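This report concerns only the one structure given below.
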Amino acid sequence: MIKTEHLTYTYGIGTPFEITAIEDINIHIEKGDYVGVIGHTGSGKSTLISHFNAILKPTSGRILIDGHDLWSEEKKTRIQTRFDVGLVFQYPEHQLFEETVYKDIAFGPKNMGLSGEEIDKRVKKALDFVGLSRSILEKSPFDLSGGQKRRVAIAGVMALEPKVLILDEPAAGLDPRGRDEILSRIRDYHRETRSTVLLVSHSMEDISRNTNSILVMNHGRCAMHASVSEVFDRTEELIQMGLDVPHITKVFIALQEKGYPVSRNVYTIEQGKAELMRLLGKDGDQHA
Amino acid sequence: MAKIIEVSQLSFSYPEEDGNPSSPALHDVSLDIEEGEFLAILGHNGCGKSTLAKHFNGLLKAESGSVKVMNMDASEEQNLLEIRRNVGMVFQNPDNQLIATVVDEDVAFALENLGVPYPEMVQRVDEALELVGMTKYRHHAPHRLSGGQKQRVAIAGVLAMRPRCIVLDEPTAMLDPQGRREVMKTIRRLNREQGITVVLITHYMDEAVQADRVVVMGEGEIILDGTPREVFQNVGLLHSLSLDVPQTAELMFALRQEDIKVPIAVLSVEECLEVLEKMLGGAKK
Amino acid sequence: MLKDVTIGQFFPGNSFVHRLDPRMKLLLTLLYVVALFLVPDFWGFLVIGALMGLVVAFSGISLRVVFRGLKSLIFIIVFTAFFNILYGGGEPLFPGISWLGWLKAEGVRNALFMIIRIILLILGTSYLTYTTSPVMLTDAMERLFRPLKVLRIPVHELAMMMTIALRFIPTLIDETDKIINAQKARGADFETGNIVRRARALVPILIPLLISAFRRAEELADAMECRCYHGGEGRTRYKVYSFSWRDWVALALMLAALSLIILMVIF
């Protein structure tokens, strides 16, 4: 679906602030995958994803969406790419501008030149995906709560019905309720549309709970790109890159190092509990 | 110990907008904060925790009930300057609280307002920057700093007033893990080493467990108040308030649902390891 | 990109020019502008140019940076030149070629004169802002213009407003970039269509930007109150300025140049 070849991007060429944000990235993201993207601040995550919908032009290297080289073909390809690859930036509620929620969500589909009927269908569908009720469609987006605004903004991108949906820290700044709500909506969206989804996050918990594979960025390079369990298997490396590993993972790694036959790849409560129950069940009646 | 902030039976509601009557943001809240303690306030968005915090230094005035800071009534206009000098406040978005275009000039802002004479001002700016570990960046422009660094500058700007208490309203919500660690380390050190009272409003459980005392708010009221260990006993209640619980406590909670007898309020990796080892006993291979 | 605008930017440093007292720099810039407008002929520009050369040499900021900033002003420069050529009198420059009859010697001379003057003007004021932090600059203004308080002009408030504006310009520029990208991601098109269409395309940028500015202003007001801001009354200042030998040297040079130019005007 998305393929990069030696993708490199340098900011501010020729100024004192010149900095290479990403270097020699070669990745291949499969159609229908749900990919978590992690990395410390300044590791190049945001720069990388801004290439996927042609907001940034690579300094060198190529980027292919569905086999099309974005920058060797004519401009029309890139405009189409904006609709094929939906990008939700950080704090997307800051982009809301219309008088009503309906109009704001319809902004993208309208730019695509769709018919009124199709736009209407898409607005309602997107609203359902983010779990908001139809009654807010005629409200001003600025009268909504923070979490609701965020969801309207995400719906505005979902309404493009992109083949790939990329979200840059969609839960940043929300409380646990808002975070869980949004992440579970995105999970449902992925399952129902079978589209490719990329989730950028600092939270290993959020990533491990949601995605199928993980892309780890470190100092502008792609450090790992593998399944969730393969990546979490390399905990020490992740910690060295300045990333936070879930507490529960740390507990199980320590247990294993103390000689208990447990898996190192535990990153959710459910997995941890199952692992412990297995151990207890095998061994003993002492607690049963 | 002396009480630095005393809130009694405080109620407050925001003025209604466009005919949408607002439900009370705070309802009959009473809370005493001891000098030198590290208090964390938890609660989902809109539960009234920021509204409460804004009463601690007179940004909002009590509708009914009272707020006293160091025995001064926070609703009296003539006390405000003295209260604000003693109760500093740091907000969520570091970009929107830095006033000057150079770090040290920003730190000096409060001192200029207070009319501190020049030689003392320089000394206090140096001291504040040192306390947050930003001395190296004193001549930098704030907008070129990382989020964590900006937030530390904001803390220094408050520290320069030599306050007895600092109230931080979700200071880490917009930061990455690295920035969060920096800010938390700074806050902890100020509390332990400088004896400054800290009130930390947060969503992050790993931050709350570092406090001496945790207050949980919901719908404008205080629901729980105790040590982290006491508060995190109530996993079910916290879940019903849509709040997180430290993962280790969450694991214990899950085990207890299977009738395994483990303590609930297990708050650190080390503690959790100890409990699990005891539980597993001879399960080593 | 919006970020390429260098006009009005400050480059921190520790050079001779950086260390001049901001009040002196402001005064020198005023004198410089006066001198520049007194210049009677091209020889005068040599004097000003030499002065500017010293500033460049002792500021540690290369001319290249300034010229990158000039690019955005090229329109004004070309515009001025165009009108000077068009309305200049005198003999045709190429008497033999009839279709170049509008190109008159006087006009070309005037145009050249104006271009040099504008460039020198931009150079001088640019180096003031490049080497003086905006806060110092507004500070200096507040102090130099303090006497105006007698006329009930709110000098402190104006200076504070300027400081805050300067502090938030980079933040709002970043924000604008982000909003543009976010709307582009929803297929907004800012590059095609006639003027009306393009103007309308700005709405999705301007409204979020305005809202963000209001939100920031509100939060900033709270933060300022928390830090005991209560107007200009009883304030002390963090920056204390005193003139050093550098300031007197700079002033002497400036006065020498100004005298030279006045002499040129008289004789």
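Going by the order they are written in, the chains are A, B and C; count residues from 1 in each one.
One rule holds for everything that comes next: a contact is a pair of C-beta atoms (placed from the backbone, for glycine too) under 8 Å apart; a residue touches a chain by one contact, two chains touch by 3 or more.
Just so it is clear, the model here is predicted, and its values are computed rather than measured.
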Farthest chain (mean CA position) relative to chain B: C
Decide which interface, B-C or A-C, involves more C-beta pairs in contact, and give its chain pair. B-C
Between chain A and chain B, tell me the centre distance in angstrom, where each centre is the average of that chain's C-alpha atoms. 30
Go ahead and note the Å separation of the Cα centroids belonging to chain B and chain C. 43
Two or more other chains touching the same residue: where does that happen in chain A? none
Show which residues of chain C lie in contact with chain B when the two form their complex. 10, 12, 133-135, 163-164, 166-167, 170-171, 174, 215-216, 219-220, 222-230, 234-240
Using the touch definition up top, name the residues of chain A that touch chain B in the complex. 40-41, 143, 145-147, 172-178, 180, 202, 205, 242-244, 246-248, 250-251, 254-255, 258-261, 269-270, 272-273, 276-277, 279-280, 282-284, 286-287
Provide the residue numbers of chain B that touch chain C in the complex, in ascending order. 54, 57, 59, 81, 84-85, 88-89, 91, 93, 95-102, 104-105, 108-118, 121-122, 125, 139-143, 154, 157-158, 161
Any idea which chain B residues touch chain A in the complex? 18, 44-46, 92, 146-147, 173-174, 176-179, 203, 206, 242-244, 246-248, 250-251, 254-255, 258-261, 269, 272-273, 276-277, 279-285
Quick check: in the complex, which residue numbers of chain A touch chain C? 12, 50, 53, 55, 79, 82-83, 86-89, 92, 94-97, 107-108, 111-112, 142, 156-157, 160
